[in-house]
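In what follows, structures are represented as structure tokens.
Paired with chain B in one complex and with chain C in the other, chain A is shared by the two complexes that follow.
Now for the complex of A and B:
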């Protein structure tokens, strides 16, 4: 009872705390962007840094809360028909593009059906389920599907389906359109200037369709190519916001120990970066399920989390990240247990054949991580050789299946059908890509479950199917899951409401304000 | 031999250098006995400062690995790489220099243009390219260092052979009908030995520095603990943990300094007529 009371009190304090803080307008947010984006035209380029800046310029129909529940963005409300085949969106009616032209349902139809269908490979996969996209009136859009597709409500995020102005792009060569250099969106901030190698400046959209938003006057993105200099820029007060991944993990404790400095690992729930080691299921010791299970038991993942990731993130329990829909922890668990690993190796009769380990060539943290895993494995008797390689070599070796163990991490995009199935279904085995079913895992039952779950209508049915598939996978261990990565966003504590959605800093600074 | 030692020990610095080098060799040889566990083993909490715990006098690194064990095992790698790559570059450089100096003419021209080709490319840049192409491993590193270090050997040997070539005893050997190979091998090369030895001791030092620089840049053999690797891995945390880069750095400085002092001492001992007056 006491416990409950104090919990209640705590909630109360938190609740009043937020209610009391009144957002104030004005001020400039100084943030770091790393690396410099190749372009800000989000319809053409969807890599991380592009979206981080352009998430302020462009918008989609929805955003997503930390639990991935859809929230209004350009669509103020929406309905899904009983059979899961018709999605109807009602748009805000006073929305204007940055150049003053009105935004309408026609723009949505053009963006989804014409522009992005041509330029956005990830969205194109989901659009296969779409029969028609129509605009019955200026503020209504209807998506009709040819069969139910569970994750469909999750594709209306700004990086997946950014709204593109029809009046600028219709009938032009999209990639050569000069407007790509001065992006026009509906977002809370407008593009001002981009000095290559120096900065990107955005300014408040005074005509934003929600009164009072945004609060900030300007966003100034600093381009600083050297990692150590980025840390120093924060220490000297030049920048106030270091988005996830912009400084080396080893610098994080020093920076967060500074006064008035806050850190959060939230804002990655939507893309849900999950790291694992590919295990070559085709040949060598890794072809034996017992060896793969032994690898899981041999790894001290808690240690890696604490020593290399400053305790941020979570030890992965399943192929589905815990922030992704349909995660289940009712699966085979693999705590750190070297004795069990040794027993499994003995049972399979492992003969000491050395295995090659490919680290991810993304900097110090990953290199150290490979060394730690190598040591973990050697302690249970597995001989490991680390193969040094650069990014190009890594891509090449993984695509050619020329490895035994190899680090990687991939995004999940909120739904197993979008970001998990691709790693395990046998139809996705093909040489030449480092992102498909590289490990060569084949299981007809798993294929069938993933296929059924993608098109099942009810949530309960999908959960049951995905739980079963997670149980099979955690028993077979096609890959060795490591951590749900926690990329820390570091910022001055007087910058408020910086990360409010599951898309985090990439979702724009619409709600952020600076407390005086 | 006693003469040699007498002349050598007259150079105080050279004696100190020899003592330091012997100590490093001893540590390298005894490393598997002193630290039977792998230097990669994570033994304590990460970032343990030096002298905080008796068992780990030099502290632990970013993953909790014993820095002292790393230094001892690193000594093996550094010395081995230094020695072997120097031997390999001697094996390349001496024959080229000897042939060029002995035969002269177009052979000399061809071989020297070939040598100059290597000399015009900056050493370190070439070594990086070679290691990157062949993937970092101890073999590729030794090979790369040897390939960038042989030209000075070739030029030195050529110069020596050129001056010995016209000596009377060489002409006598030619008259007595000895083959060119015998003359080079038996008459000329033994007399070029002392400058080669001096040069070689300095080359070992350079090779150790090269290996460390490569490892520092992340181009070391990822399966071997070396001093350069330790510094490279500690670079990002230098402000939190000074000891991680300081001790391996000190080890490199001492070893390279020792080899240079020895080189100087050898020079005095092997070329008594060249030795500086007043010493």
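Now for the complex of A and C:
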């Protein structure tokens, strides 16, 4: 009875805002995966394509709705103590691994406390706040924290904390375990085969712990390396689902004009991809705050959104994405205003020193965007040289601080403590990584506010602290924020409930079905 | 002949080691390292993670030690391990080899046979409209960028006419078996193999035509004519056989590239071959895979050069005598 009730609750939440017709079982989903994942073992490899496929194989304790509120996954319910130090999760009691062995709280303890602590750098940051993880009984897990950590309830997503089978991995060399090639999870789909360079096949998990789910019989992930060929694959009906970012943006209008084709930019709320240009705060014209503000005024970001991103996404107003918790728009605003930009440049006495701009080597859209920015900046009198690199070269240049302006986008993971602070706190300035405080911004007040906000217990207090930090940052402009990216997921309209959570396609096709 | 082959094999081994060493330094001279690329794909990395990866890849060791380890492996025919793909490099290459060989050899045969035939045909009708037509088409094939030709082929034969599949090695999820599977693969092969063959087809055509015309003015051909031999026999036995030498040279060069795959064609047509493997490895700085592919293709080039030299001796007795 309890199981049915929770199922009902979960289904209701999932169905909110989506099709209300009766789901039908059966059918095959043909989707594109790009690039080919290096591995499907989500505990070892956490890149985008791995999570997209493996989000069907592995699960975590929770999922998150589009508003980032936690939903049940392996945990059917949970409690947080008032002091914010104890998190107790109650697990479904009929869950099995794909090899038939029962899943229990011991697996959760092993995954979080042993396996992922060693292999998952992003989770490791959050686990610093964890004093102990225990399993008082087979269906209960307790996380005890050493101090409150605001975003803690947000780390139980499949990409952050995938559950790993203890009976397969305990005591082995994780990276060399042969099971990595035939991943075993608790997810709604099971791994069948992976023909390298061609496709990955998953099949329905008949023993899934929620009756009736999943609806689809199988999923084929097609590996097609060329963006134009991926568009053709959709046009010729070989694939029916193009997850966000699969095709070049300029192909999107053509594809979405096809019959029976739908598009959504939902499903990125948790990840919250925010794009910006690194501005080297250490040297050259970009070291001057007025220059950085001038860059903000000089950019026509609405144009970039409409012309390059087909109107999807939003112009970024703050270092915190509007879908991330504690976003505030009570900050300095930078509308497109070339005159203001010119005035600021004149005030600082900009001498015409050229600046180097590194586009993101992720395809045509980014190249064009760099050209648009170059044009914007040249209109206000800033000389720009575009420097071409490949991905590895780009990583190297950013890690070595060898740039003036450089495109990037990073994920926010739903909370400023997880995905925003790392870009601006001074303790995160270190050569050798392109994802830390690469711009070299130092502000003791900002460091203090981020530290306080991460461990504050009440939402109100956290909001106040984060609003203040957003105000300081938007005034100092350590980096030039561009857009909250809207990656369009394109699919046939008869594929229903494809994107239902804040992680979208990355959360797996558990609820998706094909309308007859 | 055996002594000749043995000498050439020893030389080849030395050249291979030199090639591997040179490639090793070239690849490491490119900016970027695989640990950073992999960490980047993981979304967020910390220093411990980067260090772990570097240690795993052996990137924390001095460059010369890395080279020594790699060469030591090569001598034992161990091409190393790809950490990105979590597989031994040799397995990765041999997994992809059949698809690549099928594509490149089909393209090779198409271009060699059709190109040579067209060349012979054109040379027999010099100045006539059929010669002009063949030469113009060849020029067009020669000048068209492969990437564009591939996209146009997909657009016309796959998207517009819907005659042939536009990409892939076989129908994913088709579950064909036996003859049906062969037919399915053949259908998938037509567009990439033809596109890939266009350039060399044109080269063979022009080379055969020019060579046929040149040889047919030589003294021994005049002698043959004076002896009263039939023109068809002169063409076949005297002109064609002698005109083949440059074609064999070229075929040897092309054959050497068979294993290296065809990066552009394999990428556009999503053909799961070695060219794509190499392209992706380059983007990810997957050093061992790159070096492995270079090693195998260099070995093939050397092998086919040897075969070409042997074929020379068969085709032209004068080389044997010297």
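By our rule, the second predicted complex is superposed on the first by the 496 of 516 C-alpha atoms of A that agree within 3 Å, B and C clash if a C-alpha of one lies under 4 Å from a C-alpha of the other, contacts with A are read in each partner's own complex, and residues count from 1 in each chain.
One rule holds in what follows: a contact is a pair of C-beta atoms (placed from the backbone, for glycine too) under 8 Å apart; a residue touches a chain by one contact, two chains touch by 3 or more.
Every value quoted in this text rests on a predicted model; they were computed, and no experiment measured them.
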item	value
Superposed model, chain A: greater residue contact from chain B or chain C	C
First (chain B), second (chain C), both or neither touched by A:36	second
First (chain B), second (chain C), both or neither touched by A:386	first
Which of chain B and chain C A:94 touches, first, second, both or neither	neither
First (chain B), second (chain C), both or neither touched by A:77	neither
Touched partner set for A:172, first chain B, second chain C, both or neither	neither
Partner chain(s) touched by A:224 [first = chain B, second = chain C, both, neither]	second
Contacts on chain A seen with chain B and repeated with chain C across the two complexes	228, 389-390, 393
Touching residues (chain side chain A, partner chain C) in the complex	28, 30, 35-36, 38-39, 45-48, 121-122, 124-125, 159, 175, 180-181, 195-199, 201, 218, 220, 222-226, 228-229, 232-233, 235-236, 238, 389-397, 399, 410-411, 419, 422, 430, 432-435
Interface residues, chain C side, partner chain A - complex	30-34, 36-50, 56, 84-86, 92, 95-96, 99, 151, 154-155, 158-159, 162, 165-170, 172-173, 267-273, 276-277, 279-280, 282-285
In the complex, chain A residues that touch chain B	227-228, 248, 250-251, 253-254, 303, 307-308, 359, 364, 367-368, 370-372, 374-375, 378-379, 385-390, 393
Complex contact set, residues of chain B against chain A	38, 40-42, 46, 62-64, 132, 135-137, 218-219, 221-223, 233, 236-237, 239-240
